[in-house]
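Read through the structure below, which is laid out as structure tokens, and then see the notes.
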Amino acid sequence: MPPDGLSRLKWFTLGMAVLIVLALCPQFLPRFFTYLLALILITGLMATSLNVALGFGGMYQFHHAVFYGVGAYSVSLMLIKTNLPIALCFFTAPFASAVLALVMGFICVRLSKLYFGMLQLSLGSLVWVVVYRWYSFTGGDDGLHGVPIPSLISSVSGSFYFTLIVSVVSLGLMYVILNSPFGQILQAIRDNPERSETIGVHVRAHQLVTQVIAGFFAGVAGVLFVTVEGSAFPDLMSWTLSLEFLIMCLLGGWFTFLGPMLGAAIIVSLRTMVGVYTEYWTTVLAIILMLLIFFLPEGVIGYLEGFFKRPDVSTEEDR
Amino acid sequence: MDFSTTITFNGLIQQFIVGLSRTTILFIVSSGLSLVLGVLRIPNVAHGSLYMLGAFLCYSVATLFGNSPIGFWFAILLAPIGVAIISLATERGLFCHLYDREHLMLLLFTFALMLIFHDAVKLIWGSEYRSLTPPVIFQGSLPILGMPFPKYNLFLLSIGPIVAVGLWFLTQRTKIGKIARAAAVDRDMVGAVGINVSWVFASVFVIGCFLAGLGGALVAPTQNITQGMDHTIIMEAFLIVIIGGLGNVWGALLGALIFGLTDSMGIMILPQFSIVFPYAAVVIVLIFRPKGLLRATW
Amino acid sequence: MRRIVSYMMFVCLLASMIGSSTLTFAASDIKVGIIDTYSGPPSSYGLDVLDGFKLALNKINANGGVLGKKITFVTRDDKFKVDLGLTEAKELIMRENVNLLLGTINSAVSLAVSDLAKKEKIPFIVTYGKSSNITGSKGHKFVFSMNENTEMIGKAAAIGLAKRPFVKYWIAGDDYEYGHAIADAVWNHLKKIKPDVKLVGQSWWKVGEPDFTPYITSILSAKPDAVIVATGGAGCIPFLKAAKNTGFNRKVAIYMHTATELSTLRPLGLDAPQGVIGTANYYFYYPETPENKVFVEEFKKAYSRYPSFGSLIGWYTANFIAKAYEKAGKVDPEKFADALSGMTIDSPIGKLTVRQFDNQLMLPMFMGVTKKVPGYDFLIATDIVTIPAEEIMPSIEDIKKARSQD
Amino acid sequence: MLSVKDVQKSFDRFLAVKNANLEVERGEIVAVIGPNGAGKSTLFGLIAGRLAPDKGRIIFKGKDIGGLASYLICRRGLSMSFQIVNVFNRLTVFENVQVSVLSRLRRAFDLITPSKRVAVEETREILKSVGLSNVENRASGSLSHGERKVLEIAIALGANPELLILDEPTAGMAPDETASTIKLLEYLNSDLGLTILFCEHDIELVFSFANRVMVMRQGVSIVQGTPQEVKDNEQVREAYLGGS
């Protein structure tokens, strides 16, 4: 929800306060939690980019992780195999994801819902196969490790600050895009593609552009992942990971902007912290999911929003 | 590396038959998925887990009977029934409250089920590999066109048509099949006519899951029974259902044929890239027939 | 308002996480962090390693530990996923403050964690990952391998196979690094030793392939003399099963690296095909030394099953760790790494040495043939030939070359 | 302005529209009537570009638009509202109409400007003209049926059409809602100069305010003329008015 005029200042102050707290984190948090925060930011950025297509665009984006992986691989390969300036490598890698999103989107947007999702899943799996098999270039299933990243941004706190800055900028950009006429029309398409078409919207073109935008920011997240972890590997584009991102969106609230970020925070910390105590953390996750579906079908933030602002919001399914 | 492969006609035929026996399992599993998807509109990700559960149950029952032939037949019969009972419990306890939710939510829900089944299998059966011996009459191989062909695969080949005919009978000739088909097209209308849709849905769900369990039980003697069986099969089953046409049982057969045969032929013709074939087949089908090969029910 | 609430939740979440972290800060023990796969198909290997490790550790701690300290350990399940493994490694290093890391069966996880260990200067001992890159091109001071690697397998197989009369070979395997690495290593060395061998074809299947029948029939139609099967872990079992069902083993000679290992043969029971040639680093019935008998007895008593190679890895890894700390004289990662490098200990399979140059454990290899033997309800290896470690270690020149390229 | 000539459309060998002819002049209100399944909705779908005709021509402002994508037809000044309520459920009433205006202003690919600042006045205007100003911040999914039907029309108006096509605009409405909707349509026609093409079940209603009426039966257009002409037509009496 865009802040309304009166309280804009309030929101701005709150946002800045959160930012400052986050920026101070490495000073007082143990190293591991700084790392974990960076991981949450990256995963959250990734989930938010997925949600641009999923929650705001209504596209069943079943294999979003491909763009994540391609971003990570592009930057790793450029850093390892070429002598290009490092800044250039970081900057161009997300465009590789965007180009892939354009190509895959071009084929997929002709279909809708489950068919779209499945076609994307198959195409994504083809990309995965190529990465998985092309040993001489991508390192095959072993992946690429020890990517040479300048120590300024590869140390725990350095990578945290880099991640924080890049993800805040990216989130800001996505927020602007979603609240622009483009984003408004995108949401209309989500609600009702046929109707959108009859008011003069070129639905396919709109969806294609959305794919490119979502793919681009997924690529950014991929680049950040390499900065923090120093590795790229085929797991980054596996369909199970895609499903995990999807769950984050649904968990946090897929019709809200910050929902995916919250979902990512919940899942990443659950995975890390519950994983310490039990191998069966997936069961804990499953139970949380079931409770969520029964009691909070709009996700956590969606529920809070409905609770505070819009008791009249309709959950009627749009076919 | 230097090598040359000669592809003989006999080899091709052989490969074709082998592909068919693989198709059988794929068909049984994906037809169940398709049924659930078509009538209940549930993209059941946990279908693969039920398949895995079928295999594990089959193993346990057979071991209980000391791996005797009778035990094997019992296992083949009882394992899917066990799976059906579990699915009935989940349907009545959980799913039946969720039918009006969005597809994505149902997908998520079945994913949660998949996680639970996965951990449950790990808890109950542990992490060791299991292996089941087929009865003596199915051990070894028969020569077909001068090439040894496993007897068990022949048995599988004969099961496929039986299941297909059974499904055809069920959907076309029985009352419940007719109601289910009508419900797939317009569920409100069926409810309005005064039929208890809820129970129709439950029985369709159970039948679909029974098929998953049957697939798992049948496949148990040919491979090692282990966690992770669910991952491979569910992906393939979904792709098959999609290229066949959502909810269309015959589509599932066609899709399974395409999938099984491109796979086994790919192994023969371009063995180094066989991993690519099924995905490529799906992409090609969807580019030319975006809604699948046969008519989808939704 | 609603956003305030969500931020509050976020903060609470963080606070709870930090709260839980403060519990673990008692550091008088030597703490080993183990990352391995404890769920999914590869978990039986990880559990075998863990059991062997525990067995040895209990004995060490019962005898007073090392340097007056007990050795304790914590485990994390990486679920065969690299991202999870990496996060867990960082958690173990940064939050649990472990003194060294152990793991894992997944080569990609091993390589990723190895890179982290290099940065953090924490010794990392690879227990089951078999990529030759771990101690080869990607090796460094802090990484050790306690298992054989693909290069060693290849050399051993080539030496063993060259003595047999096969000429026309087919290569088949798992379509991932491990499969291809083994296949390349076997073939390159075999070609060197016996130049007249011919490769008539190859097939590659995806990892986790459930049914091998189509591959076997397609191989049979090319009529090779022998097939080199480069499949690892879970793939071995269904392959051997399909081989028996199709009568593959009676038509063609099969070589498969882990075919004779207990982990492969025990689950198959009497369903395994006879006459399959396999290499392994350990059998509980071979070598028939007193040390081995003692080890088998102890292991059986503790876990009521036979030890597999994984159990042995766990066992000697624990002993290596204890001895290395003793030699280092204090708990210090640099000193520990220096001490472990080049160390020799006694084991059920004779003296074992960690090669000083690349920290790769020098393991002998045993080549045997599967056979039904009365007294066991599974097949065992017979006609065992020992290939000494010195003959199969990767050449130092090659490693130097590989490392300089990176 | 719009002329439909010998148009035919079939689904799976079922001929939904066999032979339809229709003329609409600028400034008119034209109604299409016919029994259920006569092919009215299909015909409107064909005109609005949601379906492609198998045969025949659809000429709008001198150009053949048969089979053209519906977003292109809309951009030529032809806008449609649906029989089944078809609004954007998760958007507010204001946003529903704004989307339509944004699309007409070709701002669809404007990624930067906050939409809060675009087309606000124009959207308010439209909402005011249809009488939905008081609910503009409610989620459209929560409106009453009648309100949603009006919102349908408002969305169609956002595209600033010259020809407005309405598929049963008053279906399911309460009598007073119907009356105000009719008033709205008359206002649109007389004050804003919109040409209106609509179809309806309620024959009295049709005859009371349409300039011309076209009668369809079993996919064939029987006759088109003034209400009086249609009432007097033998075929129509026999087939439709007398028969029912």
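Note that the chains take the letters A, B, C and D in the order they are written out, and that residue 1 is the start of every chain.
In this text, a contact is a pair of C-beta atoms (placed from the backbone, for glycine too) under 8 Å apart; a residue touches a chain by one contact, two chains touch by 3 or more.
Everything quoted here is computed from the prediction, not taken from an experiment.
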item	value
More contacts between chains, A-B or A-D	A-D
Chain with minimal offset from the mean of all protein Cα atoms	A
Chain of greatest Cα-centre distance to subunit B	D
Rounded Å distance between subunit A and subunit D, as computed from the means of their C-alpha atoms	41
Mean-CA-position distance for subunit D and subunit B (Å)	48
Inter-chain centre distance, subunit A versus subunit B - centres from mean C-alpha coordinates, in Å	33
Inter-centroid spacing, subunit C versus subunit A (mean Cα positions, whole Å)	35
Shared interface positions of subunit D, touching two or more other chains	none
Per-residue multi-chain contacts in subunit C, two or more chains	38-39, 175
Junction residues of subunit A - those touching two or more other chains	133
Interchain contacts (touch definition) - all pairs	A-B, A-C, A-D, B-C
Subunit A partner contacts - residues on subunit C that touch it in the complex	1-7, 9-10, 13-14, 17-18, 20-21, 38-39, 76-77, 81-84, 86-88, 90-91, 94-95, 107-108, 111-112, 114-116, 118-119, 131, 133, 138, 175-177, 180
In the complex, subunit A residues that touch subunit B	60, 107, 110-111, 113-115, 118-119, 121-123, 125-126, 129, 133, 239-240, 243, 246-247, 250, 254, 280, 282-283, 285-287, 289-290, 293-294, 297, 317
Contacting residues of subunit D [partner subunit A, same complex]	48-50, 69-71, 74-75, 79-80, 82, 86-91, 95-96, 98-100, 102-104, 107-116, 118-119, 138-139, 141-142, 155-156, 158-159
Touching residues on subunit B, where the partner in the complex is subunit A	43, 94, 97-98, 100-105, 108-109, 111-113, 115-116, 118-119, 122-123, 231, 235, 238-239, 242, 246, 275-276, 279-280, 282-283, 286-287, 290-292
Subunit B-touching residues of subunit C, taken from the complex the two chains share	38-41, 43-44, 47, 171, 175, 187, 198-206, 208, 210-211, 213-215, 217-218, 220-222, 234, 237-238, 241-242, 245-248, 251, 267-271
